[in-house]
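Several structures are given next for inspection.
Note that chain A is present in both complexes that follow, paired respectively with chain B and with chain C.
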Partner chain A sequence: MALKINKCDILIIGGGPAGLEAAYHAAKAAPGLKISIVEENFLLGGQLIKQTHSFFGSKNQFAGKRGFEIAELLMDRVRKNPDIDIHLQTSALGCYEGGIVACESMAEGCLKEFQPGRTIVAAGARENMAPFPGNDLPGVFGAGAAQTLMNVYGVLPGRKVVMLGAGNIGLIVSYQLMQAGAEVLAIIEGLPMIGGYHVHAAKIRRMGVPILASHTVVRATGKSTLEEVEVAPIDKNWKIAGESTVFQADTLCLAVGLTPGTELLEQSGCRMAFVKELGGHVAWHNDRMETSRPEILVAGDVSGIEEASTAMLEGKIAGLAAAEGLSGLDLSDEISRAQQELAGIRKGPYGEKACLGKDKLCKLSVR
Partner chain B sequence: MSSEQDRDIIICRCEDITEREVRECIRRHGLTTVDEVRKILRAGMGLCQGKTCSALVRRILAEETGKKAEDIGLPSARQPAKPVEFGIFLQEGDR
Partner chain C sequence: MNYKQSGVLTGEELRLPDNETLCRGKTIIIECVENIPCDPCETSCPKGAITVGGNICNLPKIDYTKCSGCGLCVAVCPGLAIFMAEKSPKGDWAEITIPYELLPHPKNGERVITMDRSGCDVGTGEIVRVTEFKKVQKSRLIVTVRIPAEDLNMVRHFRIAEGNHEQ
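Moving on, here comes the complex of A and B:
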């Protein structure tokens, strides 16, 4: 049975901040290009839809607005453009010869195939798991999953929470759990210092929640669901170095980092590289977000773990670079302005890691 | 990862594979790659297709072989990237 293949100009995999900005800027710079976005979720906006806190950063990236408001703005300008075709509840299953990308539409219960001129993979990242006894007990959540339950579905994951990880996700989700009525007993951090922004950590401390640095979760226990979380201090080699404390908790959230979701890039034969600062393996890419395969670009967390503001700019750069390649227009000025803006955002203390990672990547050869 | 205690830590949730099983399998067969562990134990062959466990398996492989985790390659990423019902391959999409 022959499938009708959608021969769009640009296929964007992932409708989060990177993918939406890629679509918007490509369509704006080169009117007439046919752009398709496939998004696994039933809503566009990626992780932004559940961010209830205000963002900082630059004006152009909507500083001062709350995450879900930014998502609405980005969605709105994409929806208004008739050249952009949106496929919700549609996930990319694989990349095949001839540049064909097969997707499953869960909404329509069918297969959709695309054969685009350029593919921008903006598939995001997934939460890391932590190995400790009892990590499979009901009540143990990824912190992002708990945030989705709470802020997208309106379901409180539990009443008494221990958070593992004092990076921004751990801090922000802890605060939001408290806003939603849960009690956060402690935030546990393996490193000797808090990883997230001071402003988020300070809010947590003002609420009286202890942040235990140089500590880890030893085990989680409970009969059929989580009842207790045992926590102990550790030394710099991550060995237990003191007496345990036991928290009576029904929820343990894991905020122990993200890993780029690179399967489609690996399948496509893109050159992969391990860069610790970017969260693990990523597809090699240049400062125009082009991978080792000329027709495939990347943007956002899939190209290295950062945040929404940098994802938006990477999306913009990828969208412009793809549009330039297909339309023959010269968009180099606009691309270099976006690159400068991105470099500006990464100049802050929290951009250091990403800068280091992206620099490492640039020093590697394309093959 | 703690080396002395509880080896019954779940590494692959989809297929219920523990840290003890992964380590024993690596030692018994002299394994060096995630794909080998996957083929023998099924860790990473379940519903999530290794999205949760392959990083943990790589860390264990690194510990057992004395290599750096970054030098343990990625498992092969085959299509489909997520489990789908066979039926959808029989449906003709409208676009």
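Moving on, here comes the complex of A and C:
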């Protein structure tokens, strides 16, 4: 395979909201720095391109707009900047000595080597699996995968759906399945409480979809594809505590959390830490999104599972911190403004977990 | 069961406007009871009638004396948590305005089956107004349904009765 050497000052891995904002703000704050984004998908925007619901947050994070509209706005301002070049269908494979990053371009059929001064890893997260017999049957989907099928490719994953997980993703994807004409038979939640925002729960409840808290999926069965989902009540130790109900369903969506996609960070030798509140293993980082390796920064879900609004702000902070390090400009005012805005978003009860997680990280030493 | 278990708000969490306010004209009802980081209701209201305040996680508050009943906030709220209610002073009819994002689109004059916060049927109603604020929110209709006055605090959704809709 041919090898192309690419020069850039800042390399951004992942073109979701975190990566796009990192690129935009770094380029804006320090004109002249050359910035590259590598994105393994054939589209920029990360998770946002499949979000057809309108977003929370403040005006600065485009609240009230639908996710895919936000993606278009973010992409547009990145594309307009001549200092930013975009490599689609390009996966980062590894970060090596001297800051070298190796990528494979599916689009050009070649390897690309970058030697940036700073690398910002904004690779997002992946969906968790739930353990139960039959979870490998065709018809069992990650909720995010079902959402991609439906909203990016226009393919309805199924007609009769059971959703496992009443966090925001489970609630939102259920609503979108109903909008697309599927019937959501029930939303099953293991915890005694609905984890997502009440407003998301309310809009699916009033359409008549039941939410069964303190319940779990016992098994999924079917001859060659999913036909039945057995659901049972559980106690607080997650032991079966009553009779099962069987749903005749062709689709079971799993919305049981996300795990940061940290392979590149681990491989590059960044110090890792397990922080439950952030979704598992994450690279240690400070409030400027700098990791234990001075040339590597992180932003977005890869640094702890949160929201698009927080991913954008973390991206901005990482972009500014990287630009400051390379340009010698003093960007501390702008960085602290973004940090304050981020703290504001995390103030409510739904931000507590992230705050706790980020605090835990800060208390750990760098090495 | 509280609303975190059921997904349904009950009387205690809901501070519904009193009869006098409802009879005075279009009355905004905000069913947003958690401190979520969100404020488009505040930033988009042309009359400054909704306040979230400096902390974006505060609960929104409505000042009825400033509200013109334009319905923009119903179209903007990402949580679909804002409704608009009105009651005739004689109490012989009421109207509830609901954000609606489903197909097929309801049409003026159509009869619908009204539903409560848990999706149970309440009764019937008639669509009297269908508006769209395309500039602030695409693909969302703001639908006003005329219903019996006694249903006003219950009705938060509707469905188009089968066979009732001409394509």
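The rule is simple: the second predicted complex is superposed on the first by the 363 of 367 C-alpha atoms of A that agree within 3 Å, B and C clash if a C-alpha of one lies under 4 Å from a C-alpha of the other, contacts with A are read in each partner's own complex, and residues count from 1 in each chain.
Assume a residue touches a chain if its C-beta (ideal position, glycine included) is under 8 Å from a C-beta of that chain, and two chains touch if they have at least 3 such contacts.
Just so you know, these numbers come straight off a predicted model, no measurement behind them.
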item: Clash-or-fit label for the pair chain B, chain C on chain A; value: fit
item: Partner chain(s) touched by A:73 [first = chain B, second = chain C, both, neither]; value: neither
item: Touched partner set for A:102, first chain B, second chain C, both or neither; value: first
item: First, second, both or neither for A:152, with chain B first and chain C second; value: neither
item: Superposed arrangement (fit on chain A Cα atoms) - minimum chain B/chain C Cα distance in Å; value: 23
item: Common interface positions of chain A, toward chain B and toward chain C; value: none
item: In the complex, chain B residues that touch chain A; value: 1-2, 5-6, 8-11, 13, 19, 49, 51-53, 55-56, 70, 74, 76-82, 84, 88-95
item: Interfacial residue positions of chain A with respect to chain B in the complex; value: 1-4, 6, 91-96, 102, 104-105, 108-113, 126, 128-129, 131-133, 135-136, 219, 240, 259, 261-264, 266-267, 272, 274, 276, 280-281
item: Residues on chain C engaged by chain A in the complex (per definition of touch); value: 3-9, 31-40, 43-44, 55-57, 76-81, 101-103, 115-120, 136-140, 156-157
item: Contact footprint of chain C on chain A as seen in their complex; value: 53-59, 63-64, 66, 166, 178-179, 181, 192-194, 197-209, 211, 213, 309, 344-351
